[in-house]
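Handing you this structure, nothing more for now.
The chains carry the letters A, B, C and D, assigned in the order they are written, with residues numbered from 1 in each.
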Amino acid sequence: MALKTTEVEAKGGRSRHRSLGLSDEQALRIYEVMRLARAVDERMWLINRQGRAPFVISCQGQEGAQVGIAAALRPGSDWVAPYYRDAGVVLWFGMTARDQMLSFFARREDPNSGGRQMPGHFGSRRLHIVTGGSPVATQLLHAAGVALASKQRKEDAVTAAFFGEGAASQGDTHEAMNFAGIHKLAVLFVCENNGYAISVPQSQQMAIQNVADRAAGYGFPGVVVDGNDVLACYEVARQAVERARRGEGPTLIEAKTYRFTAHSSDDDDKRYRQAEEVAIWRQKDPIQRYATYLREAGTLLDPVEQEITERVNQQVEDATDYAEQAPDPTADDLTTFVFKQELKP
Amino acid sequence: MAVKTVIEAIRDGMDEEMARDESVFLIGEDVGNRGGVFLASDGLYKKYGELRVIDSPLAESCIVGVAIGAAVNGMRPIAEIQFADFIAPAMNQIIEEAARFSYRTAGDFNLPMVIRAPWGGGVHGALYHSQSIEAMFAHVPGLKVVAPGTPADAKGLLKAAIRDPDPVLYLEHKRTYRLVKGEVPDGDGVVPIGKADVKRDGKDLSLIAYGLMLTYCLEVAEKLAADGISAEVLDLRTIRPIDRAAIIATARKTGKVLVVHEDTPFAGVAAEVMAIIMENAFDALDAPVMRVTGPDVPAMPFNHVLEEAFMPNPEKILAKARELAAV
Amino acid sequence: MALKTTEVEAKGGRSRHRSLGLSDEQALRIYEVMRLARAVDERMWLINRQGRAPFVISCQGQEGAQVGIAAALRPGSDWVAPYYRDAGVVLWFGMTARDQMLSFFARREDPNSGGRQMPGHFGSRRLHIVTGGSPVATQLLHAAGVALASKQRKEDAVTAAFFGEGAASQGDTHEAMNFAGIHKLAVLFVCENNGYAISVPQSQQMAIQNVADRAAGYGFPGVVVDGNDVLACYEVARQAVERARRGEGPTLIEAKTYRFTAHSSDDDDKRYRQAEEVAIWRQKDPIQRYATYLREAGTLLDPVEQEITERVNQQVEDATDYAEQAPDPTADDLTTFVFKQELKP
Amino acid sequence: MAVKTVIEAIRDGMDEEMARDESVFLIGEDVGNRGGVFLASDGLYKKYGELRVIDSPLAESCIVGVAIGAAVNGMRPIAEIQFADFIAPAMNQIIEEAARFSYRTAGDFNLPMVIRAPWGGGVHGALYHSQSIEAMFAHVPGLKVVAPGTPADAKGLLKAAIRDPDPVLYLEHKRTYRLVKGEVPDGDGVVPIGKADVKRDGKDLSLIAYGLMLTYCLEVAEKLAADGISAEVLDLRTIRPIDRAAIIATARKTGKVLVVHEDTPFAGVAAEVMAIIMENAFDALDAPVMRVTGPDVPAMPFNHVLEEAFMPNPEKILAKARELAAV
């Protein structure tokens, strides 16, 4: 039942984005958010390696899947339940570089958690980003619940839950897909399959090639897509979103991708994967690849690229400066908000 | 005022809250057409339809996880766990997710949701239909835990729980369902979460309990009165946040306290009550605080001899209360 | 990937059991165990309705799936992890009517639990029946673990885990199948799909027709079989056992069946299913159906049937008398065996 | 005797037991090639191969459930939970299954298995890499729970746990891994489960602790000595079965007890220690038993200011100990 769409790229040629209904501006916006996600991430590593912040966890390599899929949603009315790599998703949904950096430095102003959670633990009620903790896969059930509420109120919002192929092994993943299938909920289950769960390769995680094949067991379609092809990701997500809005139920999208960095700043990926493998995947960098396409399509002209680069750098600089200076929480902040309180003190 | 059983009070409480607020809905195993295995939701499926009374798949993590998501998106779910003994598959969603949503977002998210779970023994339910689960959950900051013992409190606390902006674990003692009857105030009575209740005044010693044990302690107090011992009975009602002031007050008043629960003793609710008294009323004690609890075994056996041996009952409580009174 | 074998019955005709390699004795033994399971169960309801015992949970209607599949295993060296309906499985594996009745009356001598568990909570280390609690689906992981140990010690034992289609919704079911698939463990996952989980119909339990279709998501075959056709069950189980012993990994067998009784003595099935539906399924009684086949095959002659009936009745009588008289545990038994103790006191 | 860190002691303990007994094997996330995220199993995959050092899928219920099954069938699994914070998905398998196998079969089944879980904070681990989980599990009869604080105890208790016929939850404090060094006896030293250890003799007051807090309490005792206060330090080492005799003895000896843990207070281990003392040494107390614990919030925040505010540390313990000494 898993529909292979890896061949999607062939279609459309130099005006592929237009044939997908994306204007040049939209296509460039996607590019810019991917660039921004990458740039913030790179800066965080730099700062971490200088000992100025204790922890990074990265989106690098997965920006195509993240932004491509998020771009098919409607920020503000649709919902996302991202996981820790999904900088690309949350930036598309309205988080800023500054928000990212405030979280990275665990400042009081961090909109995700007030400095309580590690970086990468996104959440914003206002932006419709469901708060995430560290335990993997729990968010798939939250997404199903968010979608249930939309159905109960007869709203057409779509909810997308993102997770790794490791998280697919958790019972919650099964329970969420089963529930969403039964109730034909408007959910996109998006598996960013980067081949590893920390050190554990896919072959030790499951006996199958495609996580997407599991969708058949829940009565909805599974789609495999090249996660490093941002437009292909956009395309399958758009189809899934349309299906969901029509009330036809969930879709499982498996984006095959790769992470460029170690699992996190606490990990040493040389213990479990070859430098050559990383190098091969770096050749398939979703940002480079998209840039090449956009240049060939005549959409990304040199001055435009330069402007984007400047804006991105500017945001990273500003965000870093702002966040590094921003105040820490105080010891008094330790005991607030165990329960709902009407006002932030 | 009408006399109701505990199960009727719960059904009425759900019904009234569902009528009052469209965002309230029920999800759990067999809660729909079947009306729940104890008939707690009997009639609600017909009345409110399949979008508000949802028969879930057989998966507790799903029940709670979906409830969390729905609460995020503006609903007020009541998640029913068929027996408290089957809540463990949902532990991760309850403890690591629901209890931490507010804290981990510094108040940006809150979860107005109730988890209802029938608990306790004395119903030939054996190891897996008799358990007490309150200590484990009460240990977790970020959850509220209530355990009413009377129909009025059952209804009033259920309403409070449904209207509460935070996750509440609502424990309903199976043995009390049809055993305990009492007046339930008409109208929209809410019993506040976090307030214990002196169910009987006394001066010689205090019995502190909740759930089914409240009924037993009231019986014991009656018997003690016949001996000329005046026992105060404090019904905790809410286990978390616990009513420290009420505990300290009764300890200071009588100087002798017996804490009673079915749950096993180690790091249970009685231990915490003892610690609170130790820290706040040590100087007022005329005797060490004592406890009567379930035994230190994994769970309540099926055979009736073993079940009786397991359950605290009025005789066991009375014996210990007399021991305490005599110190 | 789910291979339909509902047509299996057509093959073989009047000597079907012989073409499956079953001698007449074996075929009759299967019949007798089915009869015994049914007879014990019926007696338990009778006693329960008389108020002499508090609880029954039944195998009635599912004996074909249970005994047919168990018969493909080797009691003593293979393992089973049954669920509460599996009287047919455990009787095949060496439990006796007396054991059943001791458990039903919760006597001290109950070999499953010493009167501690409800009836239907089987377990015997000696008989290779993994102890079951009430929480559904946990036993699937236990079965995977038992099979892992067999693999680690390079033994060819096969382990069969039994569960309902409701239990299939639990996360543990997913995790167990995934693990067994990865390690190609010698496990049979046997779903006795009786269409209901207490009151919840399959349509509210999953969005698919066949639980067996999920096997594809774990890299092993799924088979649908008519659970009321004991020989068909035997056949698919034998194939799955052979595959497992060859080291080729698990099989998911879905036996479509029905329970004749309410969920348990505490349930009222009139609340959620029509008398007509039950009546239709009673027409498909696996015991009647097998008896008809055996008679037509000339294997079940009248005197044989009579002997079997007598033996079964005899066992039920003896078991009831013995167990009803047998002593209860004493209050001292409450606190033993929290941990391993060398001797039963 | 060689000086080792806690993490080395654990690695050595696993290695020696795996060499000694072919039925011992390790299963968990990243324990294989990667050697565990803390390198606790570094080198073991190479040495013992893929059938004895198994990289599990990312599923804790699977890890524990498979370990249970393997233990049923003659093996002695060590199940590693990568962080104690991620044990909740396995709660059902641990509490409702592992802890009840022996009891529910009246001794027919027993499960020789160890669940290792790195716990505790002070490592910038934030809400989900800093948790204390001991109270919830210690509450459950049928489980043994150990929490060593020194390399020698870490190794000796690990060996005891692996050889034990029952399920043991083995808690290793992450902060002690490389911080705490000490002599580890050569050879096959087993530290018995269930025995506390007086790590420092004293007569004026008692500090009772385990895990990282042991190290802090020893520091505090040193400082108190400078004030002329003689503090006894009792290391529980095993939380369940708790060493009641040792607790009662030290309480009777000094008459003043301070219990210290990182875990939140409500129905925690300190509450149980206080209850035990209340019940058994009330008459010997010169002051109420006190506790220093983590605060009553869901979990330890990431930001260093908040983390420091959360963690009990020598200063906070010292202040409370002085308060107690002065009563």
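Quick note on the criterion: a residue touches a chain if its C-beta (ideal position, glycine included) is under 8 Å from a C-beta of that chain, and two chains touch if they have at least 3 such contacts.
All values reported here derive from a predicted model rather than from experimental measurement.
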Tell me which of C-D and A-D has more C-beta pairs in contact.
-> C-D
Greatest Cα-centre separation from subunit B belongs to chain A
Per the C-alpha means, the centres of subunit C and subunit D lie apart by a whole-Å value of 41
Centre distance in Å when subunit B and subunit C are each reduced to the mean of their C-alpha atoms = 37
Find the geometric centre of each of subunit A and subunit C from their Cα atoms only, then give the gap between the two centres in Å, rounded to an integer.
-> 45
Residue numbers of subunit B (touch at least two other chains) = 56-57, 59, 61-62, 85, 88-89, 92, 96, 100, 103-104, 127-128, 141-142, 296-298
Please list all residues of subunit C that touch 2 or more other chains.
-> 113, 116-117, 121, 133, 135, 169-172, 175, 178, 182, 204-206, 333, 338
Across the complex, what residues on subunit D touch subunit C?
-> 25, 51-52, 56-57, 59, 61-62, 64-75, 77, 89, 92-93, 96-97, 100-110, 141-142, 144, 165-166
Taking the complex as given, what residues does subunit D use to touch subunit A?
-> 29-30, 32-35, 37, 55-59, 61-62, 85-86, 88-89, 124, 126-129, 295-298, 301-306, 308-310
Which part of subunit A faces subunit B closely enough to touch in the complex?
-> 79, 81, 111-114, 116-117, 121, 123-126, 130-131, 133, 135, 138, 140-153, 171-172, 175-176, 178-179, 182, 333, 336-341, 344
Spell out the part of subunit A that touches subunit D in their complex, as residue ranges.
-> 54-55, 106-108, 113, 115-118, 121, 133-136, 166-167, 169-172, 197-200, 204-206, 266-267, 271-272, 328-331, 333-335, 338
Spell out the residues on subunit B that touch subunit D in their complex, using ranges where they run on.
-> 61, 85, 88-89, 91-92, 95-96, 99-100, 103-104, 127-128, 135-136, 138-142, 240, 242, 264-272, 274-275, 278-279, 282, 285, 287-291, 296-299
